[in-house]
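One chain, subunit A, links the two complexes that follow: it is found with subunit B in the first and with subunit C in the second.
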Partner chain A sequence: MSLATFIGQLFAGLGLAFVLFFTAAGLNLVWGVLGVMNFAAGSVYMLGAYLTTSVIARLGASALGWTVALIAVPVAVAALGAVAEVALLRRTYRVQDENRQFMLTLALSYLIAGAIVLVFGTHFRTVSLPGALNGGWNLLGATLSRYTVVTIVLGLLVTVGIWLGLYRTRAGLLTRAAVDDREMLAVLGVNVDRLYSAVFAVGIGLGALGGVLIAPQGAVSTNLETTALVPAFIVVVTGGLGNMTGALLAALAIGILQSFAALHDATLAQLTPYVVMSVVLGARALAGRRGWSLTGLRSPRGEPAAGSTAG
Partner chain B sequence: MARMVGTGPARRAMLADGGPALALLALAALLPTVASSEYVLLAASMIVTALTAVSFNLLFGYTGMFSFGQAAFYGLGAYATALLMGEASLSFYLALGGAVLVAVVVAGASGAVLVRMEPVAFVMLTFALSALLEFGAEHTPRLAGGDSGLIASLPEGLNVVLDVNGVYYAMLGVASAVLAGVFVFVRSRAGLILRGIREDALRARTLGVEVERRKLGVFALAAGVAAVGGGLSVLSSQIVYPDVFDWKISANALIVTLLGGVGTFSGPVVGAVALGLIDFYVGRLTTDTLLVEGLVLLAVILLAPRGIVAWLRPGRGWGGVPRRFTSVK
Partner chain C sequence: MGRSAGASVTAIALAAIVLASTLAGCGSSGSGSAQLAPGATVKIGYLASLTGFCSTFSQEYVKGAELAVRRANEQGGVLGHKLQLIVRDDKATPTVGVAQARDLVLSGGVKYLAGTCSSAVGKSVEQLVANPSHVIYALGVSDPTVFSAGPEIYAFNTIPTAQIEGRNAAAYIRAHPQWKRIAVMSEDYSYGYQVTAAFRQAMRGSGQTIISQDYLPSGGTDYTPYIDKVLAERPDAVYSTVITEDTVTLVKQGLPLGLFSKTNFFGIMDYGTIDAMPQPPVGVQGYTFYPSSSIYHTPFARELEALSPAVANGGAAGDAFNQIQLIVQGIEKARSTDPTKVRDALAGATVQTVQGNVEIHRCNHEVAMPIAMGTIVGPGHALAFAHFNPLRLVDTNKYFEC
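Now for the complex of A and B:
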């Protein structure tokens, strides 16, 4: 393999990895803090892609159109998420029942997908990139798609943003405290309800951002829901439920390996997530861990994670 | 048999649990004499849905294992039945038996890992299993026909175009036998142990129950039931596409079970009939069944978590328990 091919595939893989990480990070955040496995993440991703086609149809595939899409779509979908959290999930926290919550998010995903069919129909749509992002830049003989580079930069920004948000802000401090002891936080005068809504909205918004970024990469169709969910679930399980660092590493491993596998065979590339997951889970089982989760925002039994803030 | 039938209250409980399903099966047997083939085909699709839901209910309702991948075994049942008939020239019933065996073996192998996962990972990975099999069906054109699907070579006696009622009664007969078997199982000691695991896995373990082995067993049993559903679907659809592995089939089993009554024997059967009717009549107004099914699911979770069966029982209302779908660990 020449250096140019190597660099080209590595960049394509990083681009894949960050799109995967957006949805997985949203799932992890919501699971870690609210204890809800959000099945609607797939339909939210699809909604992000469809709304992008609307925005671009109105404003054109210009720099302006894409800037608006990148900002307005995740924010609008996040607002929808906050509404859904208040209307559906809020009443379920008192009796912690992860199955009921999963079912509620499943119902939500049906409603979103149904609304998409109602509004956009079942035909697929496409959007094009602004002219400035077509084509590529040269690096050591490799042609890097400008769009992929933008995706990677955005991915890095969001990753750093999540980390700073969780570990360097007061909101992040409270979020981590809510994982440890929701009641105590409420007693201390923190509006936990509002915090939960905000966390759910951010998680949903991250998924929608992934949808915006994937929109120009192929047909925007009702298949997007499944194509987003399966790899995102695999990334989350491979990285350890609620574990952000684990999810990032898993997304990077899967994205990059998938990109190199695609050099040989497209089918093999699509199997990569399953292979990586099997290897990681197998290795973890062989290492003799009793639980399947690494340390994370929330440990398997819903108890605060070992070594987290409250001592 | 004596222990199963019991006396007094036990017998009444058994009748209340099995009665609605039995009544629906009796109605189903009479249907072709009074209704057109359109309704017979609708009832045939309900039979298939009911089996998938019974399979889901065995795991979730009785054992507390939330599988979101029963489509995996439904689809395996459909493909294996069609393949065994086409490639191995087996008769339909032998092929169906073979398909059940395939599903049970796959469930045994995958379940050995899956039943040890924490509950949320179990949900996600059963889902991933069905997606993996769908991918496999799409990418093995020589074996499974790829995207264009696999045409089943059905004998004339079981051709739905030639003889709707013959096919319908074949499906109803097989489904009734499976339902009877499941009824005996869930009311047996083994079924009781599963409910014990659902209520308190730790206590069951302390009492000497091998929880993982029991879970693996019911996972394989449920896979077999779902495979019968998939195998029977071959009769009415005649072609098997990769979308037999679609997660909406797993979700449908969940919706139907909840609508009918989770953890009850008749629930999935009642739910399959109810959702079948809703989809059939709403389908005349709109093609957007996703929206309709989403609303049904939402309404059941929020308003009637115990389902229709609870409402049929005298003196019990729609709401009330279960407040939780998750057992106390």
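Now for the complex of A and C:
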């Protein structure tokens, strides 16, 4: 393998990994803190992509249009997420009924998908990039898509932002505490309901951000929902439910391995996420561990979050 | 004549009438009277994949079918019968498609079916309509095995199959013997596999080498690793069967990486996708087997264009239009609404379509639709959107093996 090929595949894999990570991170945050497996994550991702096409259609494919989309779309979708949490999901925490939560998020996913078809129609939509992000850069003989490089940089920034938010802020401290013992946090006078709403909104916003970033890379269609949800679940399960660092490592492993597997066989590349997940789960089972607790949301003891059942 | 003799004559006459009626019934249909009563409506059940795979084009199919029905009714219907379109969602799923078709035929009295974008649905419904229902089914799907049972089937195909498409692509590549190393990029589902298989078979003995074939995930959002991989192999040419909105993704991600500048690219480029691209791959050789109306400039095409450029160029509307037209012309040619007579009248006939007059092959009921090929140019070359210029219509009759 030439150096140029290696660099090309590495960057393609990193681009793939960070888009995966955005949706998975949102899913993981909601699971880790709220104990809710959000089956609407794919629809949220799709909604982010569709709203981006609307913003770009109004403001143009300029730097301004893209900046507005990058900020406004995740914020708007996060706000919708907060409303859904307050109006619907909150009612399910007290009864601790996971089936009800599952059905509720599934229903939400159908509602979002249906609303998208009603508003945007069934035909796919496309948007273009600002001129500066079109084209490629040469690096040691490899041609790198500028947009992929921008996605990687944004991914790194968001990852750092998540880490700072969780480990360098009071809100992050409370969030991590809520994972371990929600009741104790409430006894200490923390408004846990508000904390949950905020966490759910951030999780939804991260998923929408993935949709924003994917929108200019291809056709925005109703197929996006399924193409996002399954890989995101694989990343979350592979990384360890509720483990943010694990999710990042899983996304990186899957993205990069998938990219290099494509050199040998495209079908093998598509199987990569499943192979990685099987290997990791198998290794965990052999080691008798219940999950890696590196520096994620979960407690150092590796105990599952309140309300969760798996680890 | 005595009283008993009169009774005998009456009984014989009645028996003769019953026998004649029975024989007439045997020769037509297995489900009730085959011939419609005068003035009765010709019901056409349309299987549209309103949800599920390929739902992005479902509305185009429906609009094209509606236009054809409206047009026929404005001209007085067919043999004095008005047409009625009944649209059902097959969800691009065989079990749903068969259930819908069965309901239309058994409960709705439908003797004509059309539509679906899914070969799997088409294959299942074809088996249903062949026996025992005897219902005409006009559809446009790529899987040649749907029509492989021979001339007794009641289904008619309105687009070139994957076999024809692969052979045509091979003919184009073979016409460029200087391209020695060929890479193939296909969709990772039956369509992609069938086109690639036909292409490979038709390339045998060409002296050109297929250095790789990659099946890209359908509906994938990131094709960058596959594009990088193909370019790293330094092919002289790339043949792509990546279709519908996946074409948009391939083009968007391939442009900055040099997929269209570092090698000779040739692939399916439907008008509905290239004119939706913010930056179409200008200069690339493309083809489409769908009847995108702007290519043809026929009266049908202008009516399609009046609906909207997206409907006209998507190709699906034109295909659905052709399916309804095929049924109407079959009834006219048979001078009957009996599906078996319509089938026999259509087999081997020449019918009028959006693409002009084309022959229906008697052996497998495939309509020899032309394939449109050309160099992609941007908006401004006589049309307000990206299209082929110069345009070449390939006669696909030479690829049939009847």
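Note that in this section the second predicted complex is superposed on the first by the 287 of 311 C-alpha atoms of A that agree within 3 Å, B and C clash if a C-alpha of one lies under 4 Å from a C-alpha of the other, contacts with A are read in each partner's own complex, and residues count from 1 in each chain.
We take it that contacts are C-beta pairs under 8 Å (C-beta built on N, C-alpha and C of every residue); 3 or more make two chains touch, one makes a residue touch a chain.
In this text the structure is predicted, and so the values were computed from the model without any measurement.
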Consider subunit A as the common anchor and indicate whether subunit B and subunit C clash or fit when overlaid.
clash
Scan A:F102 for contacts with subunit B and subunit C and give back first, second, both or neither.
first
Examine A:A269 and indicate which partner it touches, taking first as subunit B and second as subunit C; both and neither are also allowed.
second
Contacts of A:Y147 with subunit B and subunit C, given as first, second, both or neither:
second
Let me test your reading of the model: by the given contact rule, A:V19 touches which partner, first (subunit B), second (subunit C), both or neither?
second
For A:T226, select first, second, both or neither according to whether it touches subunit B, subunit C, the two together, or no partner.
both
Which of subunit B and subunit C A:S128 touches, first, second, both or neither:
second
After lining up the shared chain so the two structures overlap, which partner does A:T5 touch, if you call subunit B first and subunit C second: first, second, both or neither?
second
So, A:M37: does it touch subunit B (first), subunit C (second), both, or neither?
first
Taking the stated contact definition, name every residue in subunit A that is touched by subunit B in one complex and by subunit C in the other, in rising order.
226, 267, 270
The residues of subunit A that touch subunit B in their complex are 31, 37, 88, 95-100, 102-104, 106-111, 113-115, 117-118, 226, 229-230, 233-234, 236-237, 241, 267, 270-271, 274, 277, 281, 285, 291-293, 300-301
Quick check: in the complex, which residue numbers of subunit A touch subunit C?
2, 4-5, 8-9, 12-13, 15-16, 19, 61, 121-124, 126-128, 134-136, 143, 145-148, 214, 216-219, 221-224, 226-228, 258-260, 262-263, 265-267, 269-270
Of all residues in subunit C, those that touch subunit A in their complex
50, 53, 55-60, 188, 214-217, 219-226, 228-229, 231-232, 244-246, 248-249, 252-253, 255-258, 273, 276-279, 310, 314
Hey, which residues of subunit B end up touching subunit A in the complex?
60, 66, 113, 116-121, 123-125, 127-128, 131-132, 135, 139, 246-247, 251, 254, 258, 288-295, 297-298, 301-302, 305, 323-326, 329
